[in-house]
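Here chain A shows up in two complexes: once beside chain B, once beside chain C.
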Partner chain A sequence: MSKRTDPAPDDRLDELESKRRQAEQAGGEERIAAQHKKGKLTARERLGILLDPGSLNEIDPYRAHRHHAFGLDEQRYPGDSVVTGFGRVDGRMLAVYAQDFTVLGGSFSEVQGQKVARLLDLALDAGVPVVGLMDSVGARIQEGVYSLAAFSELFWRNTQASGIVPQISVMLGPCAGGSVYSPGLTDFVIMAEGSNMFITGPKVIETVTGEKVGLDELGGAGVHNGISGVAHFAAASEQEALALTRKLLGYLPANNAEPPPRRAPADDPQRMETALNSLVPGDPSEAYDIRAVIELVFDRGSFLEVHAGFAQNAVVGFVRLHGAVVGVLANQPMVKAGVLDIDASDKLARFIRFCDAFNIPLATFVDTPGFLPGVREEHGGIIRHGAKIVYAYSEATVPKLAVITRKAYGGAYIVMSSKYIRTDLVYAWPTAEIAVMGAEGAVEILYADKLKGRPDKAEAEKDYVDAFRAEFGSPYAAAASGHVDDVIRPEETRPKLIAALELLRDKRVPSRPRKHGNIPL
Partner chain B sequence: MTTLEQGLFLSALGMGLTFAALAVVILLILLLQGLFPARRPVHKPIHAPRYAAAERERQAAIAAAVWYLSTQMQARSKVDAALGQRLESGPGPYWQSSRMDDA
Partner chain C sequence: MKNKHLKVFLDGTEFDVEVQAVDAHGLEVSVNGRLYKVEFEDLDEAALIPVIAPTAPAGPGGPLRAPMPGDVTQVMVKTGDEVGVGQELLVLEAMKMKNVLRAPRAGRVAAVDVAAGQSVAHGDVLVRFEE
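Entry: the complex of A and B
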């Protein structure tokens, strides 16, 4: 046996280890310490929390920028300002990238764009979800138009991937200027406390419009979760945001050709909750929390509410029904009596489209007095926004189930998953009222002439209202004419929905060839 | 005192005396009940054979078991025993082939 004399391979391994350590150090110890001092984690620490232990396979850790202007030639770091790779969450594969604030503030460079674009290409080819952890000051100004071109490459790919693989953006720091369009194009945006997003910052706003506004007030997690609806989830910390991301991924299929991930059923399919029988108050003007209905009907503890802080008069989220993922939508009588307005329309339509794109069946709970009347709504385009709900439901080919718990009036009844827009099965509770409009409003129109000038107007009006309610105040008239499929005891809702979902498990709907529809955006 | 007032006074006096007398009678009844409490009827124990009691208990237990089983059976027959099974297996080839068509 000859003795090994060439030490080169070991040297090369040492060199590799040294380069790996250098890449892992990113912007250096000082900048890592500064990041920690702000209470923030580094890109790799974040990926360590997000992914299953040891599952990260990094891609392009040695890519470096090629620019020289404004001192960039002295600030060249292996991997540049983003960590890209693939790994696992609960054993399921996904593509991930994390902007590294310790490298030039995580600024979006040509290399960052190329690395993320390559990752998206891989994710699309492989059919796996993409998660981006965002923490960046914005475009790398020193690179000039190169960074803008890189942005566009990313936006284009975000658009190409839309509806094919789920895309999630987790905001863990600033995200300003053009950068915001990448998360804006993805399916879900999760914002941690302290992160912010805006197109133009407070200084520019003050210069242009004279308005004085703080960072959080302009584009903090509270604003985007509660007012703008840009974000879908709020988290109190980075760790919570990453845990939420893992949880959300548990409801999503890897791509549009897969069914959503099933779990072994942990709840009795026959479970009947008698509490549901008395949950809807007898007085139609009294409110109740539709989330309590959702919690009681679906698998215990499975409800993950989406957009919880935005347009709270509608509720959307993911649930499990006998282990199968379902997208649940509902009007919320606790907020604005469950009326549909512009924001609620956008919220419902977007969620329906996501579920349909990723083979997630829809279950809708209806209790709405109608669309919100008012000049502000009309001028804001409630017609256009409300039409999005009709469009989204009509376009959706996944199994569609609906339960009318109480009010289902007029146009709002039509758009909220009625049979007319091809909902597969519509159930009504005995408390359902299915009518063109509310009794009081209908009487005012129908009997305006008869009531005019009568001395006993109030009494006569009440009689007419009672008569109208007797006709439409129960679901049986609608059931007799086939507008609902069955009237069920509220406690039966769970087994009924499970059976309906079983029937529709393999539902397929033929579609006519077209380039794409024209949703009223 | 007018005739009307006299009439009213005498009526009130008469009613008062009547209710007072009634109260005295009630008190007397209560007093006598306290002094001479009523005797409870004495039930003679039936000395039926011991085996008969045991047999009755056994028959009652069987009847209860039969009733319980029949109600359970009735309840079972009203629910779909296979509910959820089709969901547990995930989508079938009919759905899978529709995905191929879409592609």
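Entry: the complex of A and C
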């Protein structure tokens, strides 16, 4: 063993420290102050909130661009416009990147693309989720095609990672033009108040179509959470958006080869909620809040609603059932009567596919009068969109459970996790009505001729309706022929679902090899 | 959700009680301005049914439009009324269901374009708000 003759001199360490300080300064004090003045945090501050304290391991902090044109040679920053690395949330590893608005507006550069691509490659090999914190003016125009190529590399990787590791985009500033397709490709988009997303901005829109529209009105958090469905969560502030990201990660496995994270159950598995017994109103035209059912059945306080503001006639989200993560889906009778329409179809289908890709069992609560009638829906392609729900449920191999609480009519009954599309266990409450359509509608069609012109029309109609209800207004006809597996007291739903899930925990479904299916997009 | 404001007299002392939020597990009440969290333990029956109005999508302004075709059966507001987010505005009967339509945002009602008994098409303006 030879004696070490040249220990690293202190000035080498000093040099590293000074380079680190410089990288941490990013775009410089002035830019940082400007960011703070807007009420926004810097990339590193945001990562500090997102990750467990001190857990960030940065990658590529010194990588800098090689461009000269349009003044770029005088604006070269170590690390360029993005911070990338890996760290922990609640002790679990994930890959993170944060666009740095203080460096050339967080513009998407060749280096930003290379750094993020490198990170995604690493995440995919390691099998860990990817979270991107977005705050950028868009492509770095000065870099020309290099910038565009960098975007595309990210989109390609987002696609490769889809269904392998969960991907979350957190919008904390502008995201415009082509760059929106990265969030658009990821599994979940969380938008903080003040962030916005659009393909073409207000100026271009006004030039081309003459429409005058503000940033927020065009692509703010409200628009994408309420109207377009591009975003899955809205947050009042950056801090809230980051806290929500941590919470969401708590329901997701690190990759598709892992089960979702189990928690020690804190709630009584035998808990019977008698309130459930009287929750469905006796009058079939009265609504109730299906979220009340969800809150009462699953582990207390575990419901994280996804797409809460979008297509509210359907409800989707994550819950825990005796500690295990479950994806819950439901019709919402108190919004648009709980009908299935184009937006609700897209919302349900996408959530089913996410859960199936990541081994999260599905529990569906059914109370829908059917698909929304109308020229607008038909011309909008409700056939194509509704088919996505059937496709997604049929394709899903995770444990699938369903509870019919009230109306299960026609095509909507079939698509909402019926036995025929291989739902493992279908339970019905005594209030369930399984029929081709509602009693009134059925009588109008079946007895139109007999009722026409009769002086006692109203009375006769009521008799027919009563007769129809007697046959289809309860679940027993369906249960007698095996279309539902059991009729249960509403209060028994929790223990029944827990037992069913325990039975199906290691469910295996053989699959035939194919390149991929052709979901009706 | 509407706030529930109560005055409670106990042994000659007046308490100003306001119920702030209720869910299946408990409620938040302020008593003389101080906020308390109350957790239910052995309560059962209807008391546990959570009352949550759907979060209205905080979309851009504009009027309340018919979300689906149907018949207006009840109108609960009139021009000039101040409404809060989630407040019931009217009932639209559609798909054999009574659908309660709620205020998408807080504001003053500028005009009610429909009356009970009227049929509406998808997208028809129902209630306008002052900008």
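Assume the second predicted complex is superposed on the first by the 513 of 521 C-alpha atoms of A that agree within 3 Å, B and C clash if a C-alpha of one lies under 4 Å from a C-alpha of the other, contacts with A are read in each partner's own complex, and residues count from 1 in each chain.
Going forward, contacts are C-beta pairs under 8 Å (C-beta built on N, C-alpha and C of every residue); 3 or more make two chains touch, one makes a residue touch a chain.
Values in this document were obtained by computation on a predicted structure and should not be read as measured data.
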First (chain B), second (chain C), both or neither touched by A:Pro265: first
Partner chain(s) touched by A:Ala308 [first = chain B, second = chain C, both, neither]: second
Partner chain in contact with A:Lys336 - chain B first, chain C second, else both or neither: second
Touched partner set for A:Ile59, first chain B, second chain C, both or neither: neither
More chain A residues in contact - chain B or chain C: C
Which of chain B and chain C A:Arg508 touches, first, second, both or neither: first
Partner chain(s) touched by A:His322 [first = chain B, second = chain C, both, neither]: first
Which of chain B and chain C A:Leu215 touches, first, second, both or neither: neither
Residue numbers on chain A that touch chain C, as the complex places them: 216-217, 220-223, 225-227, 234, 273-275, 278-279, 284-287, 289, 291-292, 295-296, 300-301, 308-310, 312, 332-339, 341, 369-370, 372-374, 376, 438, 440-441
In the complex with chain A, residue positions of chain C that touch it: 23-25, 44-52, 54-60, 67-69, 93-100, 122-123
Sites on chain B touched by chain A in the complex: 79-80, 83-88, 90-95, 98-99, 101, 103
Chain A - residues contacting chain B, complex: 257, 259, 262, 264-265, 269-270, 321-324, 495, 498-499, 501-502, 505-508
